[in-house]
């Protein structure tokens, strides 16, 4: 059970697409721990509120990886335990902004209008291990999670802004410390990519940008052999969750709930229609993002109902 | 501050459309309390699991009303405090089912396929003031709320299955005891319609039917003069929430968040873009229904952030 | 076979909602012809390019009707032959505009953003029976059709801006002279509403407003007893077409094609899957509107394939 | 102006993803002609109606390419003239089918339900240079086009079933002989991929599969230096067309019309809002596919209006 350190220096060039074509930066065994120096979604290039991301950022969401997991084969599942996410870098170390033509309350390049963009406002904030200090009068709790985490597709390479069945830019706050994330393995070695951590985020990531920050993130990776999943899944002490990413948003919800029913059937012995009925009464949905090329929703059931 | 009793007998014919064309069954003053005998969504016509709703229900969601509120004028807002929701009727008094071509994981008449319908399964369940007894091994907490509540449009009449800007069939669990619902007034007297109570319901009301039951529901109605709202709003001790209903689902989320920003601007003194930023970090979404002719989402912010 | 004249004077108050609650302005027999003086979508209130519709129009799309058809009963179908559509009124008699927050390339009240509206530009144009004269250098052919035509729902009343299964504001250029429109009858007397004629219109009615104009429109109405349809249908010399209206747009296409398959099965003897295959190879779609509360698409097959 | 022959043998392994990671099979100069032996969408593996694609096809839509165009640089545009598309291979050389959980009138893996799949029916048909012979009684005209054509993204690799801004699986009948297709160049050499020809296809490609066939397709490629486009465009003798691919379908229409307005502004001197108005009156939409991971719509204007 080795511990690896994937520093910025070891990473070298960060990745902007999740696929099988880049050389691994690290090879690990199942059960190993990896401490990762992630960059923020802007690659650390927004030092102050006068710097406009649209003018200097060519590709957002730089990712660490790919991490090759020895023994991982197509059809297996990768289990990632998020152990901790700690802020790093000089203050104000948090960044958010209103990017032109990106976000939940603006037209975008995928749903264009002839209207003018919103003003490109940048906000820099202090982040401690307790708080995000929005202003003299307002603080948000420090509730960090990994915004982008995914395994490689078999043939395709998906940019780091897009969530899909491989995971990717889900922007789902449940990918947080103490939770376990399951990801489908489709390429040899799984090829894990990680980055884009958020110090906190609201449901839907409304303006398109959370409190982006650089971190020291510790994960443990493991393999579940001969367990094939179609979409990401999450397990915490309290619940199991399936995650769907699609457009329109209802399709993300359908994917998540349908996968959760399938999980309940196959691994917990439920009748399909009984699972459908039960989720209709006590299922819960989290809208992760309403801004990315696919929208992401997690559907969960409390473990108390699974016994 | 009178208390009125809108019994089944006083109601007489229940309503299946929310509009200005039916005669009021009751006239009340602002501040009055109304105890309402609501029917379940099937009008009480499903006594057992052998009775198929598709064969005997012509119109679902029978509503009590219209209730005329003296002094209510277009441009005012109706405030409805939900005081209590108690079950009534013989056991098993709860009903849920899989209706053919209706629900979240089936094709529907609004999104048809050539596939066969799911089996039309009916489930009858016991409901107490503590529990919904799903089976010998599983109980759900009794968390009752009003599924359908709305005020009349000015000219149109909207069927009792459809949520829109007037409220209607939102299927939103936050319309529950101790919360206050604000509804736009567009017709003289407001013309309030209420019904379709649920003993519990999951996010999205996945199969299209919650635990439907007949109730004795107590509400208090009041007027907010000269406060015009475009969409329903909810206030609890903990939060304020705006409610959007539309298709596709992302548009319900956009409506809800945009209305919440507007509310924060006008009534709480926020700068528009600061509200946009803040909701991006600590806003919360509830997917109420993903099955009705419009989908419903509530967007909320904790009151602690409004001070 | 009487001919009726539904003049502006006879109409009196124009209608802004399609439902069973207004008194008929005319009673006709099957086979009768009706000459109708329709208003333009702005009720004739935009005489020049300086008048802003958003400041003076409370309800757009004034409709003539309801026209009661003797003998029409729920479950029958109304057949409307469009015989001619002639322009009337002083020049420039055509109006189009960019309404704030309405149209295909702007955020709207159903899909809001925080962006500013587009400029509210009004254009007045001359219309002859040959041409729409857009400018000195550009003319469009005169290709008139009825933008809004529908029968009453049974209980609901649907505003004149919204297309649904009753017809309504479909903005479908195939509702034109020489074509026959079939509409479902759900209320006694059918209760036909007609208005919102367009001198020409592009696919999708992109900016939300066609070349709106007042007309003398002649139609013939007839009954098809014991033929129940779920959505509007159209028959021309060349094709049969089913019309779906929904959101998102793909659902309008699904409704239209599914209804066309059903029509081919029931009235033309096709096997269901053979119809599905054949439409996959030679079916044609018309995007009528991409701007109204529901989007409208017509799916058609050439009659040559029906023999 | 050389002519190249990209035979099956020269192609060797066909491609199933469009990206910058495969070695070019051919290098050509601007102005060169290429004769391509394309496979059908099933790689020729469906010889009869008893063979079920779901059981033997791992990846559909095999593509020829990548073809490297000398001198092509990021920011340039590739112009592809489709010269001819001829059928090849033994009869019955055309294939269509109903794939499980794929198509316009079935639930899919992107919009799942709990319903059973449609029957997996396969149809083999004779194709001549005049006709597709559907049955003894029905023939469709031979109207061949290229279903999938695209240039490489800069970093990503997009599977051959998905249309996006690079082109790809648009399934757009206007990509036909005598028309010119413009594609954005984002990788050195453009890296053109071509395949998935259809002998005919209806609007929307309803069941998800056109009349798929192997062809000898002749194209001419050329460069437009210093002309950067965001989405594919098409030019014929009669019209110019912009092509959008997205979900939901209205977003494909918005992309197409917005790009067409931009084209009219920049290259034909139109005022932006005048272009918006004019397309509202005489623009035309083609629904190419309503079945792929993104839906595709083309928006066009007749050249007569551009003068």
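For reference, chains read A, B, C and D in written order, and residue numbers begin at 1 within each chain.
Methods note: a residue touches a chain if its C-beta (ideal position, glycine included) is under 8 Å from a C-beta of that chain, and two chains touch if they have at least 3 such contacts.
A quick note: this is a predicted structure, and the numbers were derived from the prediction, not measured.
Visitor: Once the Cα atoms of chain C and chain D are superposed, what angle does the rotation have, between 0 and 180 degrees and to the nearest 5?
Guide: That rotation is 180 degrees, given to the nearest 5.
Visitor: Give the pair among B-D, C-D or B-C whose set of contact pairs overlaps with that of A-B by over half, matching residues by number.
Guide: Going through B-D, C-D or B-C one by one, only C-D repeats the A-B interface.
Visitor: If you tally the C-beta contacts, which comes out ahead, A-C or A-D?
Guide: More C-beta contacts join the chains of A-D.
Visitor: Return the distance between the CA-based centres of chain A and chain D, expressed in whole Å.
Guide: Distance between chain centres: 33 Å.
Visitor: Between chain A and chain C, what is the separation of their C-alpha centroids in Å?
Guide: Once rounded, the distance between the two centres reads 46 Å.
Visitor: Specify, in ascending order, the residues of chain A that touch 2 or more different other chains.
Guide: Expected reply: 105, 112-114, 118, 247-248, 254, 258, 261, 273, 276.
Visitor: Mind pulling up the chain A residues that touch chain D in the complex?
Guide: 16-17, 19, 21, 59, 109-114, 155-159, 230, 246-248, 251, 254-255, 258, 261, 272-273, 276
Visitor: Which positions of chain D touch chain C when the two form their complex?
Guide: 96, 98, 104-105, 118-119, 121, 123, 132, 134, 138, 140, 200-211, 247-250, 253-254, 257-258, 261, 273, 276-285, 287, 290, 295, 297, 299, 305
Visitor: Under the stated contact criterion, what part of chain C meets chain A in this complex?
Guide: 105-107, 112-118, 248
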